[in-house]
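Down below is the structure, laid out as structure tokens.
Each chain gets a letter, A, B, C, D and E, in the order it is written, and its residues are counted from 1.
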Amino acid sequence: MGTAVFRDAWLIAGKDLRVEMRSRVGLNQIVPFAVTVLVLFAFALDTDQEALRTYAPGLFWVTVLLAALLAIGRSFAVDLADGASDRLLLSGIDPIAVFGGKALAVAVQLVVLEVLLGAGVVLLFDVTVHRYGLLVCAGLAAAAGVATAGTLYGALVAGLGVSETLLPVLLLPVVAPVLIGATRAFQDAFGVAGAEGWAWLGLLAGFAAIYGVFGALSYGALLEEA
Amino acid sequence: MGTAVFRDAWLIAGKDLRVEMRSRVGLNQIVPFAVTVLVLFAFALDTDQEALRTYAPGLFWVTVLLAALLAIGRSFAVDLADGASDRLLLSGIDPIAVFGGKALAVAVQLVVLEVLLGAGVVLLFDVTVHRYGLLVCAGLAAAAGVATAGTLYGALVAGLGVSETLLPVLLLPVVAPVLIGATRAFQDAFGVAGAEGWAWLGLLAGFAAIYGVFGALSYGALLEEA
Amino acid sequence: MSTATTSSSATRVGVPATTSSRATKVLGWLTLAGFAVLVALAFAWVPEDTRITEQGDVVGQFDAVRLMFVHVPSAILAYTGFGLTFLASLAYLRWRTDWWDMMAHSSAEIGVVFGVLTLVTGSIWGRPTWQTWWEWGDVRQVTALVMVLVFIGYLAVRRIPAEAAVKARRSAVIALVGAVNIVIVNRSVDWWENRTLHQQSTLFARKIRDETLFTLSFSFAVGMVLFAWLLLHRFRTAYLESQIEELEVQEALEERRAEADGADHGREQP
Amino acid sequence: MTLLGRFPALTGVDLDISPGETVLLKGPNGAGKTTLLRLCAGLCSLASGQGWVLGHDLSEERRMVRRRVALLGHRTGLYDDLTVAENVGFWAQAAGASHQDVDEALERLSLAGRLADTRVGRLSAGQRRRASIASLVVRRPELWLLDEPHAGLDQQSRDTVDSLVRGAAAAGATVVLATHELERIAVLEPRVVSVVGGMVRSGGGDSEGDAPTDGDRRVS
Amino acid sequence: MTLLGRFPALTGVDLDISPGETVLLKGPNGAGKTTLLRLCAGLCSLASGQGWVLGHDLSEERRMVRRRVALLGHRTGLYDDLTVAENVGFWAQAAGASHQDVDEALERLSLAGRLADTRVGRLSAGQRRRASIASLVVRRPELWLLDEPHAGLDQQSRDTVDSLVRGAAAAGATVVLATHELERIAVLEPRVVSVVGGMVRSGGGDSEGDAPTDGDRRVS
């Protein structure tokens, strides 16, 4: 099974990313959406520069999560639109590969988003980066965590007819640890609070690993519709 | 034309609300979504009670806006799902009635959401209400503003294939004044900052009026597909 | 520019494969020359911004003030671009011709470029003068950002592969709403006087030196020439694109007609 | 010419439909039948050329056309979360029809009883299509545009559709209908028009179709 | 019994399909044909009773069934944003088929050339359905489940589908096919099974269908 799973995961990820490239939802819309949300926060926080700098990491991650909801929702909407999800079930592709492929595609999109949005935060909220290594590792680990948990929950709600609204409700509480961990790690990296960044990074990596394994294992059961 | 427009607007609003009641997206999902977002904010702001109380109005309105995006998106997705939007065009119903009806349905949902979420904020963020009249008026005016602008923009992106992600990008900057105005009005009502609540209420009402009129006037041109 | 990519298919069918003409060449050289003069004026003639306070301290923006000659004209050009988009959109909704649609699209794109330039130069300028890249408390900065975002959204709609007429009509409505931002940005410093670090209208209040004023006016003139030059090119690019589209349609039309004929002769219709 | 995106779905149309006539559009997949029907409904625009439907110019007065037609397309135009009766009732009210019209339509399409109170999202493909037809019947349109009206229907429902078309034609309505099941429709003795590669040709033996007798019912 | 939500879509099934056989499901709208096909594909579950397909128990081994069948349903299973060639290619790779298989399938369904590079979202209804069939052909399944395979297709494509079914049957594959166009299929001389109100009855004259001869191909 070894290589076949990787080959199939790759196939699925490639398909998902290609669909995204074609529809250009990511670049043209999710990124501007994320930037706009950042701006909204600035308004909501009463444009208090000091507060903004302090809360920049938290706001960054809330924004990433909200954008991730869109990306995950689309990843499944595309399959459901005209019954491709049924056909994936019938294709004989190992569910682990489907899970891995979809999670990979989401993670790639999230990383791109984080890079662009991160640049926005550094400029708009006037923060300075102290520890680049931590920043990059935390960004990758958090993306992996959100992507794995998101793919699992995306599959859970897929086909229930109202997934675009159900997904946030289920997923957001679950990824709260990612939000907290990534926020702390970034606070450390930005030097705004003396959090133990690397410890929090451990949490993020653990989260991603757990959801990766759990997702891969339970995906088959999830997909086995009806 | 007079009464026919009202009758038709009522018909459309009734249909939209009935679909929402059936699918229970509003109650079962958008509300929990909104509450979850509030909780996320609490995490993101590092659970600093004082900060939370100060920023409660802003966070409340950011949350309402995000939930409004979902409600508006669904309002149009329901029509587009199986070609009902084409049939609305062919029905001979005055576009003004379609606009009015859809905006009304969205506004009703927003008001319900605001009430539930408002209770949540009062409990979670430990704020006290000083001026009930202002609170209620600002809530209604903001709902009207978001609903009218949202319906206009919802129609703008409907059927472009990627509306669920395009809507936020376009709508959020436009409703930024509502966010600011409603936040200020609520700050006054909560007594967290000495903003001139009633003046901001004027802004909200003006916004709703302008978008109501502009939306009603331009809706026909928008719907005149292809 | 996109002229390079479009030229091959354009020449193939005999449309002029360039967006330049005598007028644009003149404008181009004028821009370059004007820019050279502007640089000279800005660095050699305009003195650095210093004032001596009563205590004898030297304050001011020093060399940073020279950023004004990029920042302010950019802002004006962004307004111009969006304003033109507004007018062209109105005209489109009235007459429904592709010409106005292309005009709206072209000027919006240029507007966004200069809008971003305003934000960037403003930020750079803010670093030495306000000690911050970005100040959320400043209404002009924030409203300017919102304005640019609205038009980025506009361009996002324009880029969606949808029916041309639908797209044109919908983006025209977005532009109408979006253009309101011009007024808001322009008046913001006066409406919210106490909430801004940003300069209020210094320009015509004659609060600045004559050299600075002259150079600034000169930079406006250069900016306008630059704008005209860019707009001509961008519009012609849009026009060429539409021509290519037209040709593609013609090609497809021929193929489609052949399909019809082939079916007539080849296939037995029951 | 009608463009879908940049694709010339209809390239040349020369069609002349007299009121009360029953016209059958035939042609291979992708010929442009659906597009032609949507054009007649005022849902597509003419990039070049001109056309009239029921006396209205298709370039200028599409809104006038729209309210006089009923289009049965590939999609059903129903709300999944509402019941059959609610859906048909909604479209009936939108068209100003009465409750009785609704009941009649449901009866006619064998949707009365349990099915009337079933959510549309839970219907089988054919039942759903029947519900869609019922929601059009209540409109009593002057021009019926039917895109593959028999697709997915069982024998009984096919007969219902046939009698519906006959009834509409007898009542003076115009019917334009696209289908691949030519035999089925033969009993109605329609004028056959073939669409191939976006070209529309009045065929089927009655050559008088080429000479426009009635200028304002011409689609080109 | 098979429940859809709380609705007993299939109430009693007694069906026995020998390998290589061609079975035609007929019955009115809402009878349960689609549900039966989905059940055979392993996409629905049995609330009570038991069934076997290709030797696998439908309650226990649905996964094994799934990878051996190809189901052409009411929905096409294609991605709107990808081209026809990309879609067929994707499903081919997922099934381990080669590029050549893809080309052959496209050729067979008259989708080569311009259409192959068209995004599926821009196809006509019939073209889209053909693309869906092409994406199934590449799988070379052991059991074909076809839900109204002719719906929306033009005459030529209907013939293609017929020859496809004949070819599959000749190659030893089993074909179960639901359709309302009984005449069309008559030339294939299938065994006719009628489904009414969720009850499945082997009909069409071969009464030996009632006595299960081969226990492991029984669906109940």
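Rule of thumb we're sticking to: a residue touches a chain if its C-beta (ideal position, glycine included) is under 8 Å from a C-beta of that chain, and two chains touch if they have at least 3 such contacts.
Quick caveat, the model's predicted, so the values are computed rather than measured.
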| said: Give me the step distance from chain A to chain D, shortest route via touching chains only. | reply: 2
| remark: In contact with chain C and chain E alike are the chains A, D
| request: State the chain with the largest centre-to-centre distance from chain A, centres being mean CA positions. | output: D
| note | Of all chain pairs, the one with the highest number of C-beta contacts is A-B
| field | Chain whose average C-alpha position is farthest from chain B's own | value | E
| task | Give, as an integer number of Å, the spacing between the C-alpha centres of chain E and chain D. | result | 30
| Roughly how many whole angstrom separate the Cα centroids of chain A and chain C? | 34
| field | Multi-chain contact residues (two or more partners), chain D | value | 4-5, 7, 28, 45, 74, 80
| task | Please set out, as single numbers or ranges, the residues of chain C touching at least two other chains. | result | 146, 149, 152-153, 156, 160, 162-163, 165, 267, 270
| query | By residue number and range, which residues of chain A touch two or more other chains? | reply | 23-24, 28-29, 32, 36, 39, 43, 45, 161
| query | Residues of chain E touching chain A in their complex? | reply | 41-45, 62-63, 66-67, 69-71, 73-82, 86, 90-91, 93-95, 119, 135
| task | Note which residues of chain B are touching chain C in the complex, please. | result | 152, 156-157, 159-162, 166, 169-170, 173-174, 176, 214, 218, 221-222, 224-226
| message | So in the complex, the part of chain C that touches chain D is made up of which residues? | response | 161-165, 245, 248-249, 252-253, 256-264, 267, 269-270
| query | Touching chain A in the complex: which residues of chain C? | reply | 123, 132-137, 142, 145-146, 149, 152-153, 156, 159-160
| said: Going by the contact rule set out above, which residues of chain E touch chain D in the complex? | reply: 4-5, 7, 27-31, 34, 74, 115, 122-127, 130, 148, 151-158, 180-181
